[in-house]
Amino acid sequence: MVARASPSLSVELNGLKLKNPIIAASGTFGYGLEYAPLGDLGKLGGMVTKGLSMWEEKGNPPPRICETPAGMLNSIGLENIGMENFISQKLPQLIQYDTAIIVNIWGREIDDYIKAAERLDGVNGVAALEVNISCPNIKKGGITFGTDPSVTFELVQAVRGKTSLPLLVKLTPNVTDITLIARSAEDAGANALSLINTLLGMEIDVSTRRPSLANITGGLSGPAIRPVALRMVYQTAKKVNIPIVGVGGISSVADVIKFMLAGASAVQIGTANFFDPTICWRLVNELEEYLRNENISDVNQLVGALREE
Amino acid sequence: MEKRIYHLSLPLRKQNSIAPGYWLLSLKSAQIASVATPGQFVMLKIGKSFDPLLPRPMSIHSIIKEDNHRLGFTILYKVVGKGTRLLAEKRSGESLAIVGPLGTGFNLNHIASGYEPIVVGGGIGIAPLLFLAHELVEKGQTPTVFLGANSQEELLALDEFESLRLTPKVSTEDGSKGVKGMVTDLLASYLDDSKGSQGEIFACGPAPMLKKVASLAKSYGLKSQLSLEQRMACGLGACLGCVVKIRNKNSGHSYQRVCTEGPVFNGEDIIW
Amino acid sequence: MVARASPSLSVELNGLKLKNPIIAASGTFGYGLEYAPLGDLGKLGGMVTKGLSMWEEKGNPPPRICETPAGMLNSIGLENIGMENFISQKLPQLIQYDTAIIVNIWGREIDDYIKAAERLDGVNGVAALEVNISCPNIKKGGITFGTDPSVTFELVQAVRGKTSLPLLVKLTPNVTDITLIARSAEDAGANALSLINTLLGMEIDVSTRRPSLANITGGLSGPAIRPVALRMVYQTAKKVNIPIVGVGGISSVADVIKFMLAGASAVQIGTANFFDPTICWRLVNELEEYLRNENISDVNQLVGALREE
Amino acid sequence: MEKRIYHLSLPLRKQNSIAPGYWLLSLKSAQIASVATPGQFVMLKIGKSFDPLLPRPMSIHSIIKEDNHRLGFTILYKVVGKGTRLLAEKRSGESLAIVGPLGTGFNLNHIASGYEPIVVGGGIGIAPLLFLAHELVEKGQTPTVFLGANSQEELLALDEFESLRLTPKVSTEDGSKGVKGMVTDLLASYLDDSKGSQGEIFACGPAPMLKKVASLAKSYGLKSQLSLEQRMACGLGACLGCVVKIRNKNSGHSYQRVCTEGPVFNGEDIIW
């Protein structure tokens, strides 16, 4: 037998090139630098920053997190250092690493998103934007942008008009039919879709009779939600023609493969970074090993390759 | 200096129950041991199961040395829930995934002669204080040590402090050893007797105790460094889950991360 | 101190009296008799039957279940012995036990529900109906009844007209805003609401590259979904004036108390029966013990008693 | 007869590895042991964690007797995944939650003299067959036993069958013991040689083997009782999760529960 060539791990998300499909998820990898002592960020396919707003955001009072069965709840309240601080303090260090830096943006009004997109448009080192539409829209009475197809369309279209950067739109799972929202985002010009964000959940401390989180409810993430995320990726991949980035509970190379078989072109690792902080690096290696063992020359051959007959 | 943080799978070297519900665990890691400073902690993932999911923060209790080489460290912990219960079932040879050393420990840079460190521990709060006492003694200091617990049984590591030639003043809530009452009462009467001390208080323990320590320090015009706890997910400063409310220099407050800016904060900065 | 009187465990769900708030959930307790060798059914607050249709239903091909982190997926396909077989073969044995027998009904069209309600109306031993509206409506192109407020209203109203039995309506969590569906059911005359049914999920077997379930997707249940169920109970309790029965991942007395604090008047135990088959009985005892230790004389004092200030 | 099913927390009496990846586990329960019949199984919850969540079905491998009293039972299992891996880590004294005995085992009611039971096991499929062989011997039968495995190492419990004065005919896929090949080849040539046998085949093993056994039984006009596997949640007949496709008396098919109507089904009824 001849020695096998190294399998190709690179993927292309409709304008965003990644050296491999392993991306660290927003809010779970800080501004990237927090994980730099643990591995070479340049080995990762990409990393998404903590969600940034045009202003410094203090976030919610503690307690902000709590553990649940095979998962966790968080209500960080989108604390972030603000766009300008990110650009001046974090980005210069980050761009030393040869990885795709994806900036996650959010706002309380469509205008906040527009400003963020405009601000980042020409900035050196930003590979793509990820638009988090799981935030409450204060103009529409607090309803989450991403739960309404037409609001989603309006928001994504507005951002699309302000940037030439590849646009990932990150969908919330707290909807009746995620494929409708997905198609709105596609129609409005998204390059790719990230799904899913957290499921809305709650925990109570019986001994104090209080909610475990100061904010009462929070976002559920981790292995517990993986079956829901996988289902949504599968359903959405059948309905859109743009690439999907799978996220939700991924914590092993088998999970990565599942999401790709279901139709994801790349994946994001969130909560698993907390309980296994070198996982992103390990997944890159294990994915390559898997492809080699299975004699698959290109990782893209996994995408949507679920057997259904 | 670049931060060195390791993610290692460490075989459990030894684990003994030192009092009912309290365990002392030894881990071998020259890497972590040689860069750790008092007040720092590690994140410890108990087993591969997703339940419990998150690693648990545990202070570095002492450094294991041989011929002055730092070979490993110990953790002193109390069984309080699911994770610590499972941890107590682990036996020698089993491995634990450890991330560390983490956090900003006690600040000892300004320590000079003529200065009196006062160390105050309550309950399992003594965990990081033995390492601190060692370091203070190495720096030529003789800290005054106050330790409090529910009962004599739960007065942990007393002999370890004594073997440093320190004589902790102790209190127990049930009076089974030392003065009956709270350790903060002991501290209060000590401060009262030794007015004008040049001391600084280093404390770890339950929140109500620390709050009391902070207010005593303030009344007596002393600085205090308090080691806080908060639920953690990453331990690395990435998730923003572990914040406490800290007074800003100018005005107002900000949320600071126990795992990064802390776990040790200046007593006067904490908003309780 | 005087000896404390036994705390009162009985609850009343707007017409349905239960000796205690512990009910075995539909589809996880068979027709009740399967668990009779393990404990006295007469000790339970109630039990809900497997979902019954007017016809015998074969269900989906296997594999029908698979394990997920802290949860499981099922796609039983609503297999059941049919209403007539239930009434003639199971009910006569069941009514020997002094517990509330709640019959869970479902259909493919509104008419199926109407027939089931009519058939059960006069039947001796049936304490209440639980209407499962998480089924696809074949007349409306396969959309799930319970994802649309007006379809929910129409369905519940139709059933309401055909029975004098207390009506529990069981809601699906796979919706953007469960409180809207809840209010439709309330407006249409439901006595109480059971929430939640399973979250739609999926799992893939990497070694075969096939979905783990023959039906591809299935319902996620177990501790993994508890935070979502608790949040939905909490939100819904603030919006409706009828009692709520909490269900989703409950597996300890602490969980029972959490759901009651969040606003549930009773709870159902589902997946936990599988990994702890005597749990329902134990929960009755442990709940009583809890009330005694906390000096609470009546379990109803827990309902909605969350501290939020 | 009323069904007796117990839900017990049983201390692990003994657990030994009998071959690489294969374990034999002893549990003490006179209650379960005294009502169990061959082919029945128990559901075994491994630890209190929610991960893994569901209990695992395991056949009763043998009954532990003392002075003819049934005191407990053994389980023979293979490590294949998360649950069995964790189970293998359990040590004497730890407890397991067990539900059982469950299911409809082998039907031996019609066994009479002049009748030849043929017992066929493949791999870990021999687990329930030792108990079966015991019972057959007690009923005065001398079953013909066929056992197959990948290699000599994985030919389990051979000596146990021999101590019943049975002489299993063995095959291994690598030829390290007995005939090289599949156990169904052995069976086929045996049936070929002994045409007109009055036998009935009892078999357990991987699905392809059982399918082959069913078709051999059919060709030679023999009845067969096959023990099937399916993923299970409750083991009690409640969840309807564990069904297999079974031919109806009249026509068509129905889904039947491996945990209740099975795990043992008539070979001719199974739709593969």
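Order of writing sets the labels: A, B, C and D. Residues in every chain begin at 1.
In the analysis below, a contact is a pair of C-beta atoms (placed from the backbone, for glycine too) under 8 Å apart; a residue touches a chain by one contact, two chains touch by 3 or more.
Since we're looking at a predicted model, the values are computed, not measured.
Path length between subunit B and subunit D in the touching-chain graph (shortest route): 1.
Looking at which of A-B and A-D shares more C-beta pairs in contact, the answer is the pair A-B. Subunit C and subunit D have centres, each the mean of its CA atoms, that are 36 Å apart. The distance from the centre of subunit A to the centre of subunit D, each centre being the mean of the chain's C-alpha atoms, comes to 47 Å. Among all residues of subunit D, those that touch two or more other chains are 50-51.
The set of subunit C residues that touch two or more partner chains comprises 69-71, 222-224. Taken chain by chain, the contacts link every pair, so each chain touches all the others. Contact residues of subunit A toward subunit C in the complex are 68-71, 73, 147, 174-177, 199-204, 206, 208-211, 216-217, 220, 222-228, 230-231, 234, 249, 254, 257-258, 261-262, 305-308.
By the touch criterion given at the top, residues 27-30, 34-35, 37-38, 50, 58-59, 61-67, 69-72, 74, 76, 79, 222-224, 251, 271, 273-278 of subunit A touch subunit B in their complex.
Listing the residues of subunit B that touch subunit C in their complex gives 50-51.
Within the complex, the subunit C residues that touch subunit B are 69-70, 223. On subunit D, the positions that touch subunit C within their shared complex are 2-5, 7, 45, 50-55, 97, 99, 230-234, 236-245, 254-255, 260.
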